[in-house]
Each structure stands twice: as structure tokens, then as C-alpha cells.
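Look at the two complexes coming up: subunit A is in both, with subunit B in one and subunit C in the other.
For the complex of A and B:
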């Protein structure tokens, strides 16, 4: 009997190890290819890769991705706080006021956003924002990115707030805290680590999105702009466009840009891990 | 606030949760500054009574309350619950200090919210006073900035007691405060409760007749949402009138 249990346990452990490896191998392969190819490009281009303009198709120099890098930062700076604030508000409503009609409307609307294809979001924003504004812009792109990222942010933040044990809500009320004070002083701080994780995933979604930008950003790669009303570019859009060209120099830029995007994720992820401490219950 | 002879009065109170009756016509009068113990088997409605007094019952969906509840002369069912709770401290069965706040902040926040302390010196004094009253000061005075997860279960429960006391409540509700902690800490908590007699009104829920006898002035024995017997501790223990009380005191229920 004991032997059968040991065999079953070993078989299950073996199964878990194999399936975990199968799940990890494609990701590790992708990351290692990006690192190998990207490092090659970055070592050739040097620091100029971050500050130069992209090359022309027949250029001998790799150049840089400065407009796309600046555009990605600008779009993230507009879309991430907007998405996060709306998602936190909706998640608080969903958790603390579940029977309120506003909570139900928000819940249905935000969840339904997840089922809309990103290219459709891009086209809709093109019709409703780009055309009335008279051109592509960072604002239009940020709106499209926010619509795409909202369901992710909302679902994760809602789960984070919902995981705070009910007993802390009771303790807060018993001390005379109002509902909003309880949310601000107790629920959000206890859930901070998972909230930070949710914001990070939202950021990754915003920084990595391509289709949303096709009809909204304008692919401005010939200079640098900080104006939200002007066309912008973004790293994923640059990678997408350059990967489709037949020019080797542009493929190189795409690999280098992919590595830069990966590094931005890693640095943000590690910083959050260090800065936002987990609350031990 | 009116001057009243009773801290809490429940008159013919019924509570239905999801249409199921959990409290059935309970009438209780808790004299001011005494220790009133609500005793009974599991599921008899003891905790519901505490939730009624603190209006934490509002957090339960589909709840219906009828009858009247007076807390320090206020109509508890019609008062603003946030105002009412400032006079009523509560300690729960499982210790629940705020895990993201230090030991100091856990106590200080209660004083701050309720306007008990207006500056840092006053706050320091209140925190020390509350921790001393909860018999925890000597154990934590050197590490007030530590987080509650570094404390034992019993110490955490005493921290919750200190937090409730820092509100300077007129009424303290204790929901089986020693149920999930070791006997040494349980004794300390009982000592704290006894030391509060004549200062504030304490309403404590327990399923232990021995604890009720050690701590209480008055006892209400409830079963299945109704009062079986109520009176002074000595009267209930020496001359129980109901067969159920006798069985409960013998541990047969």
C-alpha cells in the first residue's frame, strides 16, 4: 500500500515537472533568442540605439529607436494612470458596492471590452477620435490602449481587493471608519503587492500592444515630439513594421527594439518587487 | 447623549438572515459599567447580538431586523452607524490587527480616527496607556515599529484589545476573545476584562460557563435565538431555573 502511494507521488511529481518544463521552454526560448539577437545589435549600435533616429532601408548604420522609445514612454505615461485609476474605481465599486447599478454597469462594460478584437478598437478610435481631431495622435493611441488594457487591470485589481480577508473590513468598521476610509486606509494597503502586480501586467499590455496603434498612432519616426496632439510611434509598432520589410538593417533594429522592450519590463518588474513589500497576514 | 441606567437595551428583537430567523424576540438590558456575558452553544445567535449592537450586521446581505435597540440612549437601528461605532469598541474571535500597520500604528489609528488624541504626544500617551491596559506594553515596548505578524496569536489578540481600548469606548464588545489563543494569554485577557469593570460596559460572548463565572457580573444564556435564562452570575450558577441551563452548565449541551 505504502509503495503504491510512493509510486503515485513520484509519478505525479514527474508529471508536474514535465508539464512545467513544457510550459516554460517556449518562453525561455523566445527570451533567449531576443537576448542573443538583441545584444548583437546593441553592441553594434551602442548607446546611440536609444537616441538616434531609425535607419533608412539602404542605410549601413543601424541607427536607433529614439522616436519609438519616447512614444512608448509617452503612451504609457498617459494610458497607464488613466487605466489604473478607472480600474481601481471600478474594482472598488465591484467589491464594496456590489449591488449598486453603477458597479454592475462598470463590471459588464469593462469585461465586455476584453472580447473586442484589438484591431476593431483601433478602427473605432480612428472613427471616433482620429477623424474628429484631424489626425493621428498620442491621445487617440492612449484611448485605444486604455480600452484594451482596462479589462485586464480591472480583473486583476478586483481580484486583489477581493482577496483581502473580510475580518479586516469588520475591524475597520468597528473602529468607526467610513467605507471610503476603510478602502483607502485598510483594503488598498493590504492588497498593495497584488495591486502592483496588476498595474505591472497592465503596463506590459500597454507597452506591448501593436494592433491598437495601427489606426491611431501615425508612425512618426522622423523626429521627436512630446506633444500629445501629434502623431507618435511605439516600439511594438516599429518591430511589427520592420519585421515585415525585406531589409536586413531593419530586422536588426527590430531585434534590438525587442530587447529594449524586454529590459524595460524586467527593470520595472524588479523595481516593483523591491519597492512594494508584501503584507504578511 | 441621554443619561441612561442601561448601556444597551434590546426589546423584542427579531433578526432574519436570508428569511431564516436567527434571533427570536430577544429582550436584554445591560446595566452600565458591568460585565455582561452572553453564553450559549454554537450557532445560538450570540455573535449576531454583538453585531446588532455595533451595527456590523449591516454588512450581511439580506438581513431584516425588527424590535428596538438602544445603545447609550441612542436608537441604534436609526442612528448613523459610523457615529454609533465610535462609542462601541469590538474585539473579534480571531485576532485581526491590521497587517500593514506597525504595532504602534494599529493602536494609534483607533485614537486618531475617534479624535481621542490631537497631537503626537497625546497619541504616544494613549498608545502606551492602551497597550498597558491590554497587558502588552512590557512585551512590545522595544519594538513598536514591528508588524503584527511578529507577535504570537495571544499577543495579537491583546493588540486588538489595546486597539479597541484606544478608541476610549463606552461599550466594549468581545466576541469569544480567548477562543483561538493559549490558556496563558486567555488568562491575561480575562484579567484585562475584569480590570475594566466599573469603567466601561463590557459585553462578552463565550461558550464557556467557567469563563462566564470567572469574569461576568450578569449572564444571558441563549439557545436557538431566544433567551433561556438571564440574571446575575451567582443566581444563574447557584439557582438555575431552567433544565437547559443546568445541562449547559454541566457541559451536556
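For the complex of A and C:
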């Protein structure tokens, strides 16, 4: 009897270790391939990879991803503040008036946003923004990105505000602060680290999103523009498009762009880890 | 302890509080309005196709805009099968990974591994799509599809000759790999919530590690189911990996080695030109409506299961 139990335990350990290795190997392979192929491409293209235009399908030069890089930063610069502001307002509402029916409806609505497939958001923004504006634009893309990032931003910011101990509230009220002063001067400053962490996670989400841009961005890759009502491009969209082309030079650009995207994400993640010890994605 | 009540009804709170509430109200109106508009817009656009084609839109299979003939059976079935494969893969791998993280490892090693998992759960999915096209698809064909076909070819699922790496199975496996970190962190979070007393009780009666894990996992079975349901909802909406790997073909087949379509891959491939035809756009909206409702129902189910289980455990 004892032997069987020990054998069972050994078999179980063996199975669990093997399947966990199976779970980790693909992702580790993915990351190492991106680094290897990406470094190869970047060393071939040099620093020009960041400032040149993408190649034509039959070109021998790798070129660069300047329009997509600029586009990603521009879209993040518009979408991140928008979504953060809405998320903070919604989180304050849910935190301060938790039993009010309107804040409850708001809470459920924001949580359901997370399950809307991103391509469906893209279609909706196409109808609501792209068609009325008469074309693809950075504004339309940023709106789509802001909608997609909103539930993430809200969940984390809500948790950040909610974990401020109740005694601080009481202290603020005892000093005669109004509720708004208390939120502004006490709750938000105490939760600031976690708030900043939440904003970083939201930023990572915005920068990595592809499907939301398919019908909103317009894939402008032949020049550089900073005007928000013109078509733009973004790094994930470029990777997606180029991965599906049959041209080797475009695959090279896709790998280089994937390395840039991975580095941007890594920097965001590391700053998050320095800032906050325990935050769930 | 004196608690400042924030649960008074709206009309009895002070003037300051009321002003704050009114200040925040527009946010609520905009957000709730946005969800309603999304639903209304998609259903109104979808209704045209549903009225014209009726039920046959969902049970037949065709994509022929030139002759205005459409049927969404293949993309709908493809979405279900792909996300089922993804959820199964994720369950199989995540369960072991969460046991290793929360049961086998301690201290710095555990922290390191959970940081890696956390890092991976935020990786942009387009990176998985690129890797899937260039590395995973050929490997899956040579080392998963061909052996399965050779030795288990009598099962209808594996009956057809695998032609390329682009198939329902590849899309499902790669989506599954991409949601492993998400499902793992959900399972780990719940596993850690099980009170220590149960573990102590197990060890106290001399249970082996296998027996302890089995008992503890049994206690969080609803949470594991919830994690898989949430993973399923996420897999259903996945676009980039599906569009890159599913093969984009309207073939009806039992076989998971055949190229097929998912709803999101169909939308990504066809929505751009859909305005040129009479009903194509509306048909795509009715497909979108179907997965929107499915994903919404699944994730609400998952979240409800999870919060019910948590309040039971923490009580």
C-alpha cells in the first residue's frame, strides 16, 4: 500500500514537471527567437531602422519602421491620458458611492467592456468615427485603443483607491475636509504608487494592441505625420501585416519591429516592478 | 470605530457630496452610453442580414459576395472548435504550471517564475502571431499533425492528410499557449486563497504531496472552471493569432487539420471590402454579434463563479 502511494506521488511529480516545461518552452522559445532574429535585423539595418521608411516588397534594403514607431507613440499619447482620466473618474465614483445604483451599473458596464472582442470595437469605431470623419485617423485609432484599455485601467485604479485604509478617510473628515478634498489630497496621494503602476499596465496594453487598429488606423507607411486627423500606423499593425506577406524582406522588418516592441514592453514592465512590488496584470 | 457612511442614498447626502456625484455623472453616462450604442449599432446593422437570410445564415456555409450568398456556419464552428482547443491546451498546461509555482517552489525561485509568468501575460499577441506563422505552424505540422494522422488517423478528427501548418489545430494550440499565463495566474491566485488549515490537516494525517495537491485542487475546482471559462472567452475574441494561423478557408470538415475560418479572422479579412457589396457588411455584423454575446455570457459566468467561490472561501 505504501509503495503504491509513493509511486503515485513520483508519477504525479514527473507529469507536473514535464507539462510545466511544455507550458514554458514555447514562450521562452518565442522570446529568444525574437531577440536572435531581431538583433540580426537591427545589426543589418543599423540605427536607420528607427528613422527610415519601410521597404518595398522587392527591395534589398531592410529600411526602417519610423512611421509605425512615431504612430505608436502618438496613439499612446492621445489614448493613455483619455482612458486614465475616465478610469479615475469611474473608480472614484465606484469607491465613494458604492451602493448607488448608477455606480453599480457603471461597474458592471466597465467589467463587461473587457469581454468585447477587440475586432468588434474596431468595427464599432469604424462606424462611429471613421465614416463620419471621412477617413482613417489617429483620433479614431486612439478612441478604439482607449475603449479597449478602459476596463484594465478601471480595474487596477479601482483596486488602488479601494485599498487605502479607512482610518485615513476619517482623519481627513476630522480635519473638516470635504469629500472631494479628501479624494484629491488624501486618497490619491496615498494610492499614487499603485496608480502609477496601473497607468503603466494600461500603457503596455495600448502599445501592444493590434486588432483595434485594423479598421481605424489606415496603415500610413510612406511618410511621417503628427496630425491627429490623418491616417497613422503602429508597430503591432506593421508586424501583423508584414507577417502575413510572402516577402522575406518584410518578414525581416517584422522581426526587427517585434524586438523593438518587446524592448518597449520590457522597459514598461521593469519600471512597473521597480514601482510596485505586487500588481496583478 | 466610527465609519463614514458612503452608502447613504443619493438624496440624503450633503450638498458637497451631491455636487461631487453630479461632477462624476457624465463619465457614467458616457461609458454606459457607449456600451448601449455598441450593442444597438451592431444589432441594427446585423438585423438586415438576419431578416434577408433568416436562420440559414447560421447553419449554411458560403462566402460569395458577387452573388450575395452567405453562410456563417464554418466561421462560427471554427471559432468554437479553435477556442475549445485553446482552452483545453491552456487548462492542461496551466494546471501543472500553477501546481509547480504554488506547491513545488519556494522563495526566490517561485518569485522569479511568477514574475516571468506575469511578464508573459502582458506580451502583445501579435508577437505570438508572427512566431506562429514562422516557427510554430511548421513544427506543429511535422511533430503533432503528421504523427496524429499516422497513428490515430481512424478518428474522424485526425482523418485528413495535413497539407500545411495552417489549420484549426495550429490556431487553437498557439492561442492556447498565449493564454496559459493568464489562466495560470487566475488559478494560482485562487489556490493561494485556500486556508492553510486544510494543507496542515493534509500533512498532519501523512498525505503525500500528490494527495495534498489533489485535495486542495478539489477545493478550488469552481475557481479552476471559472479560469478556463474566462480563458475560453478570451480565446474566442482573439483576432491576430487566429487570422494568421487558421488558414482562412470556407471548408466544412470534421478534421482539425484542415484550414478553416474563425469569426474574427473572417472579419479581419473581409470587412475592408464589405462595403462594396449589398449584404456582406451586415452579414459580418451578425457574425460579430454572435461572438460578442457568447464572449459576454462566458466572461460574466466566469466572473460570477469566481466571486461566489471567493466569498465562500474567505467567509
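In this text, the second predicted complex is superposed on the first by the 234 of 281 C-alpha atoms of A that agree within 3 Å, B and C clash if a C-alpha of one lies under 4 Å from a C-alpha of the other, contacts with A are read in each partner's own complex, and residues count from 1 in each chain.
Here is the rule we use: a contact is a pair of C-beta atoms (placed from the backbone, for glycine too) under 8 Å apart; a residue touches a chain by one contact, two chains touch by 3 or more.
Model, not experiment: these values are computed from the prediction.
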- Report for A:176: first if it touches subunit B alone, second if subunit C alone, otherwise both or neither. first
- Kindly classify A:20 by the partners it touches after superposition: subunit B alone (first), subunit C alone (second), both, or neither? second
- Message: After superposing on the shared chain, does subunit C or subunit B touch more subunit A residues?
- Response: C
- Regarding the shared-chain residue A:189, is it in contact with subunit B (first), subunit C (second), both, or neither? first
- Task: Determine, under the contact definition given at the top, whether A:244 touches first (subunit B), second (subunit C), both, or neither.
- Result: second
- Query: Touch check for A:168: first (subunit B), second (subunit C), both, or neither?
  - Reply: first
- Please indicate which partner A:134 is in contact with in the superposed arrangement: first for subunit B, second for subunit C, both, or neither. neither
- Task: Name the residues of subunit A shared by its contacts with subunit B and its contacts with subunit C.
- Result: 99, 169-170, 173, 178, 280-281
- In the complex, the residues of subunit A that touch subunit B are 99, 165, 167-178, 181, 185-186, 189-190, 192, 279-281
- Item | Partner subunit A, residues of subunit B touching it in the complex | 54, 56, 59, 61, 81-82, 85-86, 88-90, 92, 94, 96-100, 109-110, 113-114, 147, 149, 160, 163-164, 167
- Query: Which subunit C residues qualify as touching subunit A in the complex?
  - Reply: 1-4, 6-7, 9-10, 16-17, 19-21, 23-25, 27-28, 30-32, 34-35, 37-38, 41-42, 45, 92-97, 99-100, 104, 115-116, 118-131, 133-136, 177, 180-181, 184-185, 189, 208-211, 213, 233, 236-240, 243-244, 264, 267-268, 271-272, 284-285, 288, 291-292, 295-296, 298-300, 303
- Item | subunit A residues within the subunit C interface of the complex | 5-6, 8-9, 12-13, 15-20, 22-24, 26-27, 29-30, 33-34, 86, 89-90, 92-93, 96-100, 102-103, 105-106, 109-121, 123-124, 126-128, 147, 150, 166, 169-170, 173, 178-180, 201, 204-205, 207-211, 214-215, 236, 239-240, 243-244, 251, 254-255, 258, 261-262, 265-266, 269, 273, 280-281
